[in-house]
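Below are two complexes that have subunit A in common, paired first with subunit B and then with subunit C.
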Partner chain A sequence: MRKFFPVEELARDSRFTQINMRQAEADPRTAMVGPNAAKRAKVNRLTPARPDASEAARNLMHGIFVGEIQALEGAGRTCHDFELPDPKNGGATDTVPFALKLDMARQAWDESRHVEISVKLGDWMGSEIGQFAENTVLFEAACSTDPVMRLAGVNRALEGLAIDVFTTMKEFGEIAGDPYLEFCEDWMLADEVTHVKMGSDWLRKVTENDPERRAKALEFQSIVDRLFSFGGARSESEDSPIGLARRFRELAGFTTDEVDDIADVSLAALEARKAFSAAAMAEKP
Partner chain B sequence: MTVTVEPEEFRFVAFDNALIRKVGESLVTTLGIDRPVHVIVDESTPLGRIRAEIADTVTVTVESGSFEDSKRPRQQSEIATTINLGRILLRVSDRLHGGFADAPPDDDLSLAQMAAWETYCAGRLSRLELRINRQRWLYNFRNRHGFSDAADAAFDQLWAADSLTWPQLRSISSSASADLAAAS
Partner chain C sequence: MADPYKPRAPFAPWDRRQLPGLFDVEESARRVGNYKWAEMKLFETLGGWVATVPELDVKMRLGAHCYHHAWHAELWHKRLPELREMNPERLTQPANEAMVRFVQVLAEPEAAEHTIEKLVGVYRVFIPHFIAAYTFHRNNTSEITDAPTIRSLDFALRDEFEDWRDGEMMLQSLIETPEEVDRAAAHQARLEKIMLEAGGIAGPGTIGGV
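Coming up: the complex of A and B.
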């Protein structure tokens, strides 16, 4: 079976349309600045109080669905792409311990369950599979040839974002009185906390004697966190639809300093997005 | 009746002024709107809010997400344009000659009342052979009236209706909401 699968060749049927981060970044539109921004709600956080709450929740639910597919593909790839350590070459950076593979296999099992749950929630909310564009940025974070980078990019950044998203959606379901949404998000959230914890633990263990590699991985995680914050979609600002779930992140093994760093990166991404849109709108046609 | 659209050319989205005009003219004829319609597209936001002001001319203000192809960001969808312009023009038609003269302005409607009116519009559009996802509107209605059998029954009543008045629609919405309040 082929190793190191490129993002362009992910298997999807004709219902799906994929976009990449560059295409998403090129869209100058935003609700936060522009000639009519002052007339809109002051808070963008996804709650049932938003007039477009149902539509926004359906859109986000579809984003979760495709994210789960890519997380499944990423975890499965990490099981398969790397060999077990050769005792004669213990320091190789392209091998992983068998127990790490087992954790990734468990994660792939979880993610496949999440895909099925997400399909059912999409039906419940009135969405169709492939109704919204699929941003492939999540799988791109899982394409590194260094397994430690994948742990940082996928388990810590991607699954960390999942903690924030599921917390927001769980609260949405709770406030709206939607029993299925609240229940399903709560169960998936519990799995995501476990996935982040596995990433945190393995990152620490595998780089125990290699501080330089650990620093590189954490730097990569920061880049991915910034990408996932693009457009101000996730931050502690009320301008962002998705909040930062501090408590669950702590349970998943993030330190307070690390969560503070993600909060800073997210806010910076939000401000950069506003500046980009304002500049685009100020340009003469 | 004439339909005009602005802007003439779009900068941030790949929308077609002539297509919006053509869809608008067809809807105006189908729904019997008796005055000119002017559509203003706000292409600075991807949100999907849509509103109308009724005077000698009906002015419809649309955020670009309303006409967008959700599979292809910044591209126009003729289906979305038809359905979303149809929704607002049905509300305009209701206000002009459909027993909704007493209805408050859109900004003064509660979220539940708006959801009820949207359900009434979407149900009628579905009978015009437009591809409407009923479950989408049921979910929207439940979010505003509760996830209960009573709310679902109220939804069915609105979806199947063809000639409600504002007092009737308000009554259906408030009775479903009353069950929600009693349950909480």
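Coming up: the complex of A and C.
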């Protein structure tokens, strides 16, 4: 088995359709500009009051489901892709400590439960596996070949996004009077806070004596965070369906400055998305 | 009320544990080091395979089982210093070269169409050998002096039995044609021959007889 598995080969059964970020952003049904933009609600945040709330919630739940599959695959690959440090070559930067691998195996189990929960919740909400396309950007962007970058990408950016998504979905369940949804999202949220904290702790530990490497990892995380803002799908603006869960992010080891940075990056992504969509629509005959 | 000062036998009549055992401290530590190496290779392989398997139920089970084996590796890692091996990495070794080859062949299948081979390697060969090695150790080491190892062996064995059942049932549900039966048997035989050469997870004598 190879090290570093290519995103195009992520194995799925025949129900799944995979798309990349560019295809997702050019989708006229979700464009923030162009002829369909007028049909969108003024406030885009996912709440039960939205006229399209049921469909939007099903769509988001399916996104959670495929995101959990990719997170499971990412954690599993970290167990496999990196070797333990060789005592003769203690300074190697492409290795990970034994305890980090153990944490990633634990995370693989957690993500596997999240896939199970998401399948059952999707069923509960009336959707089917494969009903919506799977955007593979999570695995593609987060799974760097550098272990420190991967920690920043998977555990801080991807799992951080999961905190925001689960918080939004939990609130949705609470307002909609769906205790089943609220209960499940709350449990998954607890796991995600743990995963982000793992990432924050390991990142600090592994780069303890290498500030340059830490800075590079944080820069990489910022790039991935911009991508994971899905062109503004996650930000503090009411234009974004998913909010930014400040309190849970701080519990997971993000500083206030770091959360502020993600808020800024997300808002910038929202504006960039609008510009991108406009350009993509203009290209169409 | 019974007299609390009345002398009682130190071992209750129902406690039949025996002091003698087959393994001294060094031998127990050597075996534990082999177990840790093998459990590590198994959890790394399971983690790597998650992305390569299209069957959703199998993908999720591999994620859960990956953690079980990582936890066993952690139990053995923590046990080694208690067996006077202060540098656990020193004993975290394959039993021999054949075990290294076994793990290489086990982890070989990668294509999405090879789920049967992946599961056969783990659930029809590797895990049954873990069950054998752990059972032999559990039943032959001193029940009193090596009790902490026995406790870990019991935890690990419980997982191994349950994971074996999960894996075997997944395989039975995936194998649908006589050709697939042949594929499974051929891969099992290939791996079993290497394991035979290795003498088991802890080398010759893994389950006695040497």
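The rule we apply is simple: the second predicted complex is superposed on the first by the 257 of 285 C-alpha atoms of A that agree within 3 Å, B and C clash if a C-alpha of one lies under 4 Å from a C-alpha of the other, contacts with A are read in each partner's own complex, and residues count from 1 in each chain.
Quick note on the criterion: a residue touches a chain if its C-beta (ideal position, glycine included) is under 8 Å from a C-beta of that chain, and two chains touch if they have at least 3 such contacts.
Since the model is a prediction, treat every value here as computed from it, not as a measurement.
Asker: Between subunit B and subunit C, whom does A:Ser54 touch in the aligned arrangement: first, second, both, or neither?
Answerer: first
Asker: Should A:Arg12 be classified as contacting the first partner (subunit B), the second (subunit C), both, or neither?
Answerer: second
Asker: Counting only touches as set out at the top, which of subunit B and subunit C does A:Asp123 meet: first, second, both, neither?
Answerer: In the superposed model, A:Asp123 contacts subunit B only, not subunit C.
Asker: Is A:Phe183 touching anything from subunit B or subunit C once the two structures are fitted on A? First, second, both or neither.
Answerer: It touches nothing on subunit B or subunit C.
Asker: Tell me which partner A:Leu72 touches in the superposition: subunit B (first), subunit C (second), both or neither.
Answerer: So A:Leu72 only meets subunit C here.
Asker: Show me the subunit A residues, by the header's touch rule, that subunit B contacts in one structure and subunit C contacts in the other.
Answerer: none
Asker: Write out the stretch or stretches of subunit C touching subunit A in their complex.
Answerer: Of all residues in subunit C, those touching subunit A are 40, 43-56, 59-64, 66-71, 73-74, 77, 89, 107-110, 112.
Asker: Any idea which subunit B residues touch subunit A in the complex?
Answerer: Subunit B residues touching subunit A: 9, 11-13, 42-49, 64, 70-74, 111, 114, 133-140, 142-143, 146-147, 180, 184.
Asker: Quick check on the complex: what are the subunit A residues that touch subunit C?
Answerer: Listed in rising order, the residues of subunit A that touch subunit C are 1-2, 5, 9-13, 69, 72-73, 75-81, 87, 98, 101-102, 104-106, 108-109, 111-113, 115-116, 119, 129, 139.
Asker: Going by the contact rule at the top, pick out the subunit A residues touching subunit B in the complex.
Answerer: Interface residues on subunit A, with respect to subunit B: 17, 19, 23-24, 27-31, 33-37, 40, 48-49, 51-55, 57-59, 123-128, 130-133, 176-179, 277, 280-281, 285.
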